[in-house]
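First chain A sits with chain B, and in the next complex the same chain sits with chain C.
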Partner chain A sequence: MGAQKKGASRASEDPEELARVPLQAILLADSFTTKFRPITLERPKVLLPLVNAPMISYTLAWLESAGVEEVFVFCCAHSKQVITYLDNSEWFSQPNFTVTTIESHDSISAGDALRLIYERNVIHGDFVLVSGDTVSNMSLTQVLQEHKERRKKDSNAVMTVVIKRSKPSPITRQSRLGTDELFMAVDPNTKQLLYYEDKADHAKGSIYLDKLLLADKSSISLHNDKQDCYIDICSPEVLSLFTDNFDYQHLRRHFLKGLLLDDIMGYKIFTHEIHSTYAARIDNFRSYDTISKDIIQRWTYPLVPDVKFFGDSSTKLERRGMYRASDIGQSRSAQIGPFTVIGNGTKIGDNTKISNSVIGEGCSIGPNVSIEGSYIWDNVTIEDGCKLRHAIVCDGVIMKSGAVLESGVVLSFKVVIGQQFIVPSYSKVSLLQQPIKQDSDEELEYADNSTGIAEISPPIHAPDISNGEIANQQQETRCWPTSELGIGGAGYVWSVCEGGHDEEWRHSVAPIPAEKLAEVIQAAEDDLEVDPDGSSLPPSGELKLDSDSDEEYRDGSYFENEVEATFLRAVDENIKVENVVLEVNSLRLSFNKQTVHCAGAILYSMMKLALETPHNSAVELVQATTKVITKWKGLLKYYLSDIDEEIEVIMKFEDMCLESAKEFSPVFDKILYQLYDQEVIQEEAILRWDDEKRHADESDRIFVRQAETFIQWLREASEEEDEEE
Partner chain B sequence: MDFQVVVLAGGTSKKLVPLVSKEVPKALLPVANRPVISYVLELLELSNLKDIIVAVEGKEAYDCVEHWIVEAYIDRLRIQVERVPDDVGTAGALRAVAHLLTAKDILVVSGDIVSDVSPGAVAAAHRRHDAVVTTMLCSAPVSGPSDSGSSVTKDKAKKPGHYNRIGLDPTKQFLLYIATGAELEKDMRIQKNILCAVGQMEIRSDLMDAHLYAFKRSVLQEVLNQKDKFQSLKQDVLPYLVRTQLASEVVLNGVPQPEENGNEKASYQNNQEMLSQILANSSTSSFHELHALGPKCSLPVRRTHKCCVYIASNSKYCMRLNSIQAFNDINRDVIGDASHLSGYSFSAHNNIIHPSAELGSKTTVGPHCMLGEASIMGDKCSVKRSVIGRHCRIGSNVKVVNSVVMNHVTIADGCTIQNSVVCSNVQLQDRVVLKDCQVGANFVVTTGSECKGEALAKKEK
Partner chain C sequence: MPDVHTLVNDFIIKLKKRKIEGSQATAKQTAELLRSVISSQRVPYTNQAGALIDAVKAVGEQLIAANPVELAVGNIVRRVLHIIREEDLSLTTAAMAGLNLSTVSDDEDDVDRDNYPVLSAAVVAAAARSTLRPPSLQTLLEDMPDAAAIPHTSSSGGDSEGKSKSADKSSRSRKLKHDVIEAVNELIQDIGTCHEQIAEQAVEHIHHNEVILTLGSSKTVLEFLFAAKEKKRSFRVFVAEGAPRYQGHLLAKELVARGLQTTLITDSAIFAMISRVNMVIVGAHAVMANGGVIAPVGLNMVALAAQRHAVPFVVLAGSHKLCPLYPHNPEVLLNELRSPSELLDFGEFSDCMDFRSGTGSPLLHVVNPTFDFVPPKLVSLFITDTGGHNPSYMYRLIADYYSADDLVVQRRPATGS
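Moving on to the complex of A and B:
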């Protein structure tokens, strides 16, 4: 805790020192996600070995080499383990590089973490914000300089996000790091970030950009080929912004998007693209796999296994990308393939084949084992004849002879796989039981049926189980059902949780099967086929809006669209008229419109609805319209309080017949009659409309003439009434 | 070149009233004393595109245009003038002449373009990529097309910046997204699959669709036949083709084309060929081909088609005569900044005065002016940045600034004309002052009238 004091004393230094603040960084040693479960139930993600070195050591080594002088490591889940690791490592004793830990037990998000750090008041200038699972060798000099220069000109430029071009093919772009597709819009001149969408809905074939983005610039670039490195250069304001907006949790989803959408404060976010250097973040098992390979293939130099960037490694690089520690026991007949790392003290039996894999320290691998594309951590025992493909095997696992791991399997700490047992693809096995979500009935049921022992152990969710102790006890005291992991096996097979199988293949270490890719692409195609004839192509009449529309119409069209959307939703969900009225009223207030505009917009929506119901002839159109009017006249009537408004509505309908919905023009009189018949419009309104139009141009009187007989009939009827009186 | 050209000459555009009339349809409006359509025709001739169909709307307009074209071009170009029905839109006009189209590719040009961008270059770009459609883009005027001058026309207020939004790939060869007209009022809607296929898209608002397109004939005819609701090339046909470029419907169920509609086996072979092509010369492949190949060639080849762009360089001139403001601007530019377009040789004073024109004493005709054949000006007149047509009689003490005066106009003494258009056979009596006005043909402006921002024309019956 001495380190913390150091941080505190810095905070109290007088402001003159601020001119040259040491470069600070915040390292979040908690990802606040559950993507690495079940492993992360027992060990924090940042301490998981990545090519035989804990992830956090990559991040710290990079920060040190990039000139960062002070790092605040924020630990939450398993914080004791992180602190113990740092205590035992050399990071606390580096010259010119201070590591301070900040511990929290109740933070559930990056937002909470940054709010806490703000309260500590330890950040004094621009800082680097990374999470403890970042692997990079980029230089910070340029991006910091750019950031500072922008800040001088514009104090609202609070953040610079580092991005990198991802692989060129659209297929690998999507699948390489197992992350979701990222869509960004960037101003090509200033590099300002304008749009960021990483949770784009897969079901939808298009993305929507605000038209105002282009209002004051001549071009914007839209990117799908960039990856977010999750390395941010932030100004101190970022911390206070998190405090101001206490609901910001996620760095991207809430904070970044929140700033992009907020046009009141005018905060700006910029991007910095790196070209030749490396930066990536381990978000899930797939990126774990990809980044491991990148490290082995030396993209991350100098952060590679044979360079001593931490601890006491003595690994040597051999031909074909093989890294071997100094002290290993390898049988002569064992075949070690390319791009493989073998840790210290590991023994490999006869005729064993290993390729594209990482083997940790102190493992003993029996004869005739085949290992391909797998990550085997420390002290793992693999007996003879086992087969492993694309699996992650944590510390202390025992695989008895003949066991097979199909691709995508994750075995957490100290799991035992029975003889000859085949673990199916994408299984996750742990000694700890899957935390049961109370709110999901389905999952409870599943647990009861399949394991049969769910009632014995309550869900274990304690964040700080010191590595495997409890598990040990469990192992001793409990006999495991053979069905789960074979004879002598130990561990629970986790059921696939809410993400479903869809996420499994996307995030797993196993390569994506070809048929899955085909499916995805096919799905994208299907989306496309649905939409070209759908909403994207308004009928020609509407498109002509620019040619001969008056000012008022254009102003109103946005409001109209909103009302129409509300109305259509009401139709779909069968919402009561009173509630629709409430919604439309709120729209009216926000757009500053009169009730008559509402009436016009509602009529417009009703007619559009009628128009969209399939019809073959004018007669059917009238019928459809009548139905709509009958159903929704209450709504329309609500906004028609006097004769003038009714006249306006008739005129509005006339306009529609002329412009946006020409289909109505032949049946104008019939629908007018319906409106009258259903008491939406009174006869006085119709007569006065006729009077008003009397002196209009001939072209303006088309519909008056069309409705002539009806008006005539009305006039006669009213005269008769007068006579009777 | 196996290109046919369709020139859409329009009819009597409502936007150009009162400049147009039954006798002077839009195509024959004078730009520097030549009908506007001659600029397009001569531009085509320069690119050796001589197989031309001119589509004209309306009977009277057709008669006038036909008459004029036959007279002027009969020996130089193979021109066929066709009458198309009124108000059918650009797509409708093409439908009406579709039966005449036989060439492999069709160039569609709006008849009101005044430009020096070579249509041949557009055609070449089209052929190079074997595109389904190639559209020419030119840089949009900085502050919107309709307010570059000081004069105010009636429809200016109505028109906001009438830009296009155009999405291009990083090489600026392919058109990925286009929004025109009413769509500009909405938010941008970008198709994910196109963006994913190409990786990066640049959306520009400083480019303008110049109404010059090259189409593959089979595709054009098919789209016109199948989508009978399409009215406008720019607002319906082009966006449709752009939208479906990665899931093409056009070639699939259209006229069978041997190389495109082969059976499975052939397509597999194509696939292999394409792959080897791509490997051999990566610069020729585009995202379309890559997308069509898909992963590991496991899927049937996807139908794609290419929509290309030809971006005219900034130094080129390109304007459309589609508003009164544009009429003024173009006339001023053609005798001014873009004088190479006019085809005349300018005098030492940077103006053109026909040898048969007569000037009175102390009358000055400034630079960037034009005075037509046999026009007579009185004493102490001053003409600045204006075009005066043939056989005009202009009295003394007349000032003409920034204006267009057409043929056979009589202007009496002491008139001042500023920023205005005076059509043929108009009579301006003494001391008329016109500012920002348009005077329709055969109109008589009475003595001493002062008009500002008005359109004067005879009531048509």
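Moving on to the complex of A and C:
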């Protein structure tokens, strides 16, 4: 329906484009990360069940309902499994919805994938780019239309990124999706994305914006309360851009930032904010947990378990958010708590307690088991007396009686936990050994090489998660014998190195431990304390260019240094005065300075330049200074529009002579004369400066006295003029 | 056959995805789909009705399972089944005389086709039941054209019966299919025109200078009110906005566009306003067999307020909304919980949807039900396309529209799976 509507409106909008291109989408069925290890060693991430349905089916169902007509599923890791799933699913037989798989074995990143798709030459128009782990129910109509309208005006608008509002608190961010804080700068009028930083330096709590941004935008909105949904509307140029820039790997880290930094091509990226609809991406175990719960809470309606958007199992929603399949064997004494999903054919024994969990199909759960906040996939056997808290248990796992999973445990496929064995928290257990080297399991998961990306990317983000993972893998592994999982246990406990352990709590399904939360809160408060007046960056809104807080103390000298650097560069490269003016202007805006400050800073730079020219005597210094002034007076004059500013400059020069450039103090009056002579400073300014200084302390009047004769001369000259008139 | 199959699948997917909104549209599309199912169904020489019924039931099961909340689907499936039975019955009774003459040949038939006696027994039973059934007003009225039609069919049927049995059977099967399709067409037409038929009665119910209250938006109510306005009644309408979807806003806009004096109020102001109201007129999602109403959320509140102030509570419902099931039937899924985002902005409340608390579930739950159940005692009057009825009379209407054998169409998949 949506597609037809869109088609109609589009046809009416631009009759030249009558031959309507079907709306296409590229679905990357590979996340090119290793966050779901060890599970992803055996099954691709997109086929992992999310509330008893593979993740990719959520994405496909959404694309289908949003009016996408043609989907290219890019499979890489475990491509056979993905293709087999799609073959057996109903997605190939949908009307008006074609799914085509593109298989690759050597792609190691999203960039490679898109380059491959470009070579295939299958994308003919604007397309939706998502990964197979996206859950959304947003309507694409509006964003597509916006995108198209922008494209019509400006063919450089190649991409529209969908964003969503979320609370700016770092705690919420951590506890919901386990993602880092995202900063972005957006032009509030055009919604153009100007800056994107998802790996903000937490230690400093500060970000650096390119000053040029501020120079040519009338206003700019800085956000730290937005969430990237990883849903992009792209123009076909995006694919060719990837091909042109063959080093682009990561969609955000390379492509997005690359386009934002590279202003030569002038490609623009825009944002579209969604409000009431849902969109999120499963990036790690924590977001897996959160999104599962959002689905159970029905935020993703109609993609909820009791609406059969795919599959045939009939699930019914009962009171307090309990979803039960039609055919389950539940003991009378079993207590199934709220917000729980029980899959088809599952049997639950006496006195078993289940709450806030998802139980897959065909599981058999014995008596006296307690399951809390866990995700149990299909055909799992849990014998009597087991305890599970916040764990992920994959298909075919057997937990012998009395086994306990502490929070954050991940049991991969077919692991067996022995009797009475207690699996410590955050352990990851798999039948496969932990890869010792990062590329040792290349055959198993092509995505593995994505670790290489993290290495390519500049090591500015030291506490980076992926780096942590690498460290995790590079660490000498201790292969735990199977007996380490208790009697009759099977599987290797993947070791967690010290560096990685810090990250474990961030991305685990378990709730963040209280002390870690406290740390995060503390860190957030520390950030605030950096600002002496307690004003932190407002969550969003127009960037106010008031130089309050910590900016102030270093601003003055920092600004001068910047101007000086600019000036010196201009001198070196012989840049025209007008261009220097532009650069200085942008600096002025970014530091929120007055023109008078610029004038001061330029004077300072000029004097420094003069000072640095080799000279033996004061006379030579004056000569050098005169030269500099002659050459660059235009620049200085630009910033001296009225008398007050000129007075300020004189005072500035005075200060310099006293402090930073004492060499000038003997020749102050000569240089002042030069400035007057070159018409940089008018006589009135000098006279008023003299007037102001008249009542100052003797110490302050050193230079006034030095220049006394000059001033005297000026006064006489002006009187003569008056007389003449 | 294959194209019907894809049609069915297409429709099922639409139902599953909740892409069809509104019971009228659903009912109409269901009926159209069933018509094409019937027309493409190859009918055997014997037991034509049985074959048709099986085909419709098979499709119907899938349709009902696809969206159990939309009761109109099940209603239409049952209506079509009822139509098949009725048509079959009228043909059988017409041919009864001929059958009686050739009982011997019928027995021969038993040898090669053993389901035939089952049919004839069922037919006889059905015929017996229909004669035993006390005539309702509806059937009495409807019998008139039927009776006129019967002699015509019997004469033609009798002629062919005498000449060649196989020829008769094929003609009868064609006749049956033809009749059924005709009747389904009529049903589709009825669904299409139910608004007008209901609206025709508006003048009888809305009087001069009355104040009418309604909640949310309903096409039927809009047409009803407009019809009264057309007939030069002047009255005022209070529209409660119908949170959280606020369809009342749309209704108010429509009403004003058509020149009706409209006042928009919040749902919470209903009790305050009800004393000034002369009549509450609302639409329904479905009308159950006991006269209870499944209606947009908030209507029970309106009904209670109306009862408190003795204001008549009138429900408009096209006959496709009449559901032969009782609300206590286990198959009836009374409600659907929609996305909480209709109530809250997710971004705004994402910190409340936080799972960091020890139990792993957020402290804030948002529940957004779509429907309310209004018990029959709170409803003063139903206005359907056949006229005004008491809630207690609903079961009779249902007996007219549905045959008792079809009520279980849903139970079969439930026990089967």
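Convention: the second predicted complex is superposed on the first by the 448 of 725 C-alpha atoms of A that agree within 3 Å, B and C clash if a C-alpha of one lies under 4 Å from a C-alpha of the other, contacts with A are read in each partner's own complex, and residues count from 1 in each chain.
In this section, a contact is a pair of C-beta atoms (placed from the backbone, for glycine too) under 8 Å apart; a residue touches a chain by one contact, two chains touch by 3 or more.
From a predicted model like this one, the values you see are computed outputs, not experimental measurements.
**Student:** For A:His223, decide between first (touching chain B), second (touching chain C), both and neither.
**Tutor:** Once the two structures are laid over each other on A, A:His223 reaches chain B alone.
**Student:** Mind working out whether A:Gln94 is in touch with chain B, chain C, both or neither, as first, second, both or neither?
**Tutor:** second
**Student:** A:Ser355 contacts which: chain B (first), chain C (second), both, neither?
**Tutor:** After superposing on A, A:Ser355 lies in contact with chain C but is clear of chain B.
**Student:** Just chain B (first), just chain C (second), both, or neither: which does A:Gly321 touch?
**Tutor:** second
**Student:** List the residues of chain A that touch chain B in one complex and chain C in the other.
**Tutor:** Of chain A, residues 169, 171, 225, 517 contact chain B in one complex and chain C in the other.
**Student:** Write out the stretch or stretches of chain C touching chain A in their complex.
**Tutor:** 6, 9-10, 13, 16-19, 65-66, 333, 337-342, 345-348, 350-351, 353-362, 365-366, 368, 414, 417
**Student:** Enumerate the contact residues on chain B facing chain A in the complex.
**Tutor:** Going by the criterion above, the answer is residues 89, 157-159, 162, 165, 167, 181-193, 195-206, 229-232, 235-236, 239-240, 243-244, 246-247, 290-291, 294-296, 298-299, 302.
**Student:** Quick one: which bits of chain A touch chain B in the complex? Just the residue numbers, please.
**Tutor:** Against chain B, the touching part of chain A is residues 168-171, 173-174, 181, 183, 185, 188, 200, 204-211, 213-214, 217-225, 514, 517-518, 521-522, 524-525, 527-529, 532, 536-540, 542-547, 550-551, 554, 557-558.
**Student:** What does chain A use to touch chain C in their complex?
**Tutor:** So the residues of chain A touching chain C come out as 1, 61, 64-65, 93-95, 137, 164-167, 169, 171-172, 175-176, 225, 227, 275-278, 289-290, 293-294, 297-302, 307-309, 314, 316-317, 321, 326-327, 338-339, 355-356, 372-373, 390, 511-512, 517.
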